[in-house]
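Once you scroll down, you'll see the structures, which are given as structure tokens.
The following pair of complexes shares a single chain, chain A, combined with chain B in the former and chain C in the latter.
So, the complex of A and B:
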């Protein structure tokens, strides 16, 4: 009985501290997440331009957003970006993680690992400016290097057909975050499975395909979900480097929302667009969860 | 009492109270309140929002500082926004009801805010302070005029303007053994010269039967219709106008005169390969930016502002002439106009207007704007101060002349910017020959009119 009372008192004590400590976060969450999200949801049902009162619009803003040709363009561009950047970034992250895992203990690996991770913690604007310079058709070192081997480099961000590939390449540069997660997962893989497979005569590729990849699948699943959501929200490089150009080639959904609101002054439609992007992100994530049962293997699962 | 002694409910209550107290805190005092509460000599705070180039800002800051010192009754807070983000900042400030007392505006962007009621009608203040508008170029006022409730109002005062004029590269003319263009040249003279000045990568000009227009290294002409809806100055000399009504809120790209005029430029870019279709974005030149400044074009139309960059770069030997005449002797020049408006939420509209008047004084305009690369003062009495023969180009008077017949960028009504941004790609595609001209122009007309109509006046 006394023991139960002691537990109960301790639970209440911990509960109080839980609320005190989580309070600031909850306030921030309410102020900066719940309120804007609700306001955006509400605003999507109104026609509002600055300095004017709200006018009820029902679903007309949603319809306007859906029928806007720029929305279609932004969705197509975003899909292209997702299809290019997600496999490239995660593939590169996995290759780098496996290389670092294989080279663990060798001198210089920690420095290299930090160098690969560094772009993930750098300011997106700084990265965008750096890439705009690197890929400048006239003065950039990339085209300079290509020229030395006799290749006339393309216009990259200034060319309608090359802007999106350049944007995808830029995304690969920030693969360090995914690489660190893969590396941590690789270090936790049970060695016995590999040893048993080696005894059975399995080569490196067979072990990678049949052991490493399946065991990494929960991590890969997590990274794909996060990468897809990030790709749907992409804004900084498209805004800083191209403003959606040239000729709409890099107009992404995030930028389209921003331009509709802040350049064209149609905040109701911009809110409806944000809602649309949120629904797409939710749908894509739900589909991934639905499909995950087919390829994601959790430890202890039959 | 320690935190451990707090109940969970009390802790939550504490958080809610803190939030409520924060929300209920007194708002910062407005300048007007401060004026009442403070000593009578306390200066009135006036926010002055501008969006200038780095070059302009240097002179502007010094002039505003001098003005601030000369007028102790004011405390002027200068707020600069980079030109790239100006429209977004204006929109955000207007949405928040936080526009500066005096706001520098580009007239092709201002109308939306005027129509929304974000700026004051200056007509009563102009009358109250007998502000003389007669010295201002009358053609620059139109985008700042707006009819509300049947009454015509004036919602801004122009301060500077940059007309489009023709730039030409002397070295390229010398190499082609051609006489330099003059103010007397016609569009046909230009077209003939452009053929001789356009060179492919093998050095053949466009008159050579072996000329390869897919491999152009030097263009004869740049800066044409690809600049989009704002470029009607290119068809004005050809006796056409795609603005179907005075404020250009209705557009026409399908009538015979407009089609014929646009065909003139399409022939140059698509058929002859002598004019750039994608002027500034680089899909043809391989680099974004101004192809004339990059030494890739022999002549073309550009704004007066380009002189600043050309002179600071110093590598191009150039001069300017007035925009070329059409068959009937008409010229066209699109004019980028900037001005000042007063926020409808200003606590001190009278003082804000007095500041606007001070910023519009001929001496102030001359000090700030009358320099190569800056806008030209919007007042006739000091416009010519912009001519400085110590710097190239020699024929700077061409720009002053262009102000007389130039037209501000249009459409400037509420949907103007969106109509422009939405149709620019179609223009470029049509002028590059990637899309059939007539159906594309029909699409441009439908798209632009739809946007302009939905956006309203």
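So, the complex of A and C:
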């Protein structure tokens, strides 16, 4: 009895400390998640400009957000971006990681790895500037190089059809983060499976298809989940390079929310839009977790 | 992958030789790739060191002697970049302190202290990692502007002190690896959890501390959206925000733009080079086995 009491005293003591130490997080969770999300819901239903008092708007702002042709454009563009950038970025990251894995131990590989990794931590205004100037239709080196092999380069960010591909190429340039994650995973793969398959006469492609790829599937799954959420939020390059143009070709969800609120001053509508983005992010994540059972292979899974 | 197909492996010796051949092949492949990945930086540097009249020529000019170092000085003086740089350093510094302090405390609690409701809070913590920043951006902005707190760093520095979920998770993963005997012994000796955290957990977790500090710095330094929506007065601009104004449909001074872009990238490059091992290894720690 006494022992039991002492035990529960210790439990209460540690519980108290638990809540003290996570206190800052709890406050932040309330202030920067719960309050804004509830306020966002309210804002979608009220007409709320910074200077004026609240006015009940019902579902008009939600409907306005949903029927705005630019919303459809932003969603379609984001989908295009995802379909282009996710396979390209992850494919390139995997090929690079496997190459680094194969060339491990050679002198200077860490320098090469840093070179590939660097662009991925430099997302920002400077990188957007560099990319726009690199792909300048008339004076940039990309079209300059294309010209020397007899190809007239497109207008890239100044052309409605080529702006999105240029944006996708920018994302491929920042594949270093995914590459490093793949490389870490490759280094932890058990060697025995590969050796056994080699003895059975499996070629490199067969070993890649039936050993490496399935063993990496949890990592791939994680990277896809993260890539989709960050695509929904992509802002800086679209804002800095094109402001969503030309003719809305690079208007994506993040930029659309920003422009609706901060450029056109329709904060209620922007709020409804950001809730829509949240719902899409949650739905897409849920669907991915649901589908993951079919293709993601966890080792030692019960 | 076709290049992987070598001669059929038969003996142990030829296996070793062919794998050496593979290594050399991949080495040169990577060398080529690295050049491509660094190419944009070289183009930036080349532009930053060119005199203005050589910017818009076909085909592009790469090298010009002597380099126009003066571009950096002129660009620096074209706006208050010194001021913006100090502001960015200040924001990044405060963000590092807040992030490392608050998330390591929360991570320690999640890793070592049992409590009722812990599973629920941890689930919510993971869930907030999936909530896009955009979902809360507009209402947060309106709330801060109602409170008269815009045109200050508070709206984006304050959240750093509230234990950003990703970093809590990283710290938790790291603290889970602490030897439990050590913590138990400390408790028997009468140490409070805070003392165990300070005297045992932190000294044994220097790599993860440094990693979180590096990522907090990079995040704050690169942040463009928050300064863009919250800051109004010129003297409060951060480097990223100030830099963004060297742009526009009629902006011709691309040598200035590239020079200041390089200045903005420099601290991140330096930190990545210094903390290379840490940053690269940090990906082993957490996140993958979600």
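Throughout what follows, the second predicted complex is superposed on the first by the 262 of 302 C-alpha atoms of A that agree within 3 Å, B and C clash if a C-alpha of one lies under 4 Å from a C-alpha of the other, contacts with A are read in each partner's own complex, and residues count from 1 in each chain.
Everything below uses one rule, namely that contacts are C-beta pairs under 8 Å (C-beta built on N, C-alpha and C of every residue); 3 or more make two chains touch, one makes a residue touch a chain.
Quick caveat: nothing in here was measured; it's all calculated off a predicted structure.
J.: Taking the superposition on A as described, I'd like to know which of chain B and chain C A:158 touches: first, second, both or neither.
T.: A:158 sits against chain B, while chain C stays out of touch.
J.: Give the label of whichever partner, chain B or chain C, reaches more residues of chain A.
T.: C
J.: Does the superposition put A:137 against chain B (first), chain C (second), both, or neither?
T.: The answer is first: A:137 touches chain B but not chain C.
J.: Touch check for A:70: first (chain B), second (chain C), both, or neither?
T.: first
J.: With the two structures laid over each other on chain A, which partner does A:14 touch: chain B (first), chain C (second), both, or neither?
T.: second
J.: Have a look at where A:267 lands relative to chain B and chain C in the superposition and call it first, second, both or neither.
T.: Both partners.
J.: Could you tell me if A:248 is touching chain B, chain C, both of them or neither one (first, second, both, neither)?
T.: first
J.: Do any residues of chain A touch both chain B and chain C, and if so, which are they?
T.: On chain A, the residues that contact chain B in one structure and chain C in the other are 15, 17, 19, 24, 26-27, 31, 50, 138, 258, 261-262, 267.
J.: Given the complex with chain C, which residues does chain A contribute to the contact?
T.: For chain A paired with chain C, touching residues are 11, 14-15, 17-19, 21-22, 24-29, 31-33, 35-37, 39-40, 43, 48, 50, 96, 99-100, 102-106, 109-119, 121-127, 129-131, 133-134, 138-141, 144, 147-148, 173, 176-177, 180-181, 184-185, 188, 198, 203-205, 208, 218-219, 222, 225, 229, 232-233, 235-236, 239-240, 253-254, 257-258, 261-262, 267, 270-271, 274-275, 277-278, 281-282, 285.
J.: For the complex, give me every residue of chain A touching chain B.
T.: 12-13, 15-17, 19-20, 23-24, 26-27, 31, 49-52, 70, 136-138, 155, 158-160, 245-248, 258, 261-265, 267
J.: Applying the document's contact rule, which stretches of chain C touch chain A when the two form their complex?
T.: Of all residues in chain C, those touching chain A are 1, 4-5, 9, 22-24, 26-27, 29-31, 33-34, 37-41, 43-44, 47, 55-60, 102-103, 105-106, 108-110, 113-116, 118, 121, 124-125, 128, 130-143, 145-146, 159, 161-163, 165, 168, 192-194, 197, 218, 222, 224-225, 228-229, 240, 243-244, 246-247, 254, 257-258, 260-262, 264-265, 268-269, 272-273, 276, 279-281, 283-284, 287-290.
J.: Which part of chain B faces chain A closely enough to touch in the complex?
T.: So the residues of chain B in touch with chain A come to 3-4, 6-8, 11-12, 14-15, 18-19, 87-88, 91-92, 94-95, 97, 112-113, 116-118, 278, 281-283, 286-288, 294, 344, 414, 417-418, 421-422, 425, 428-429.
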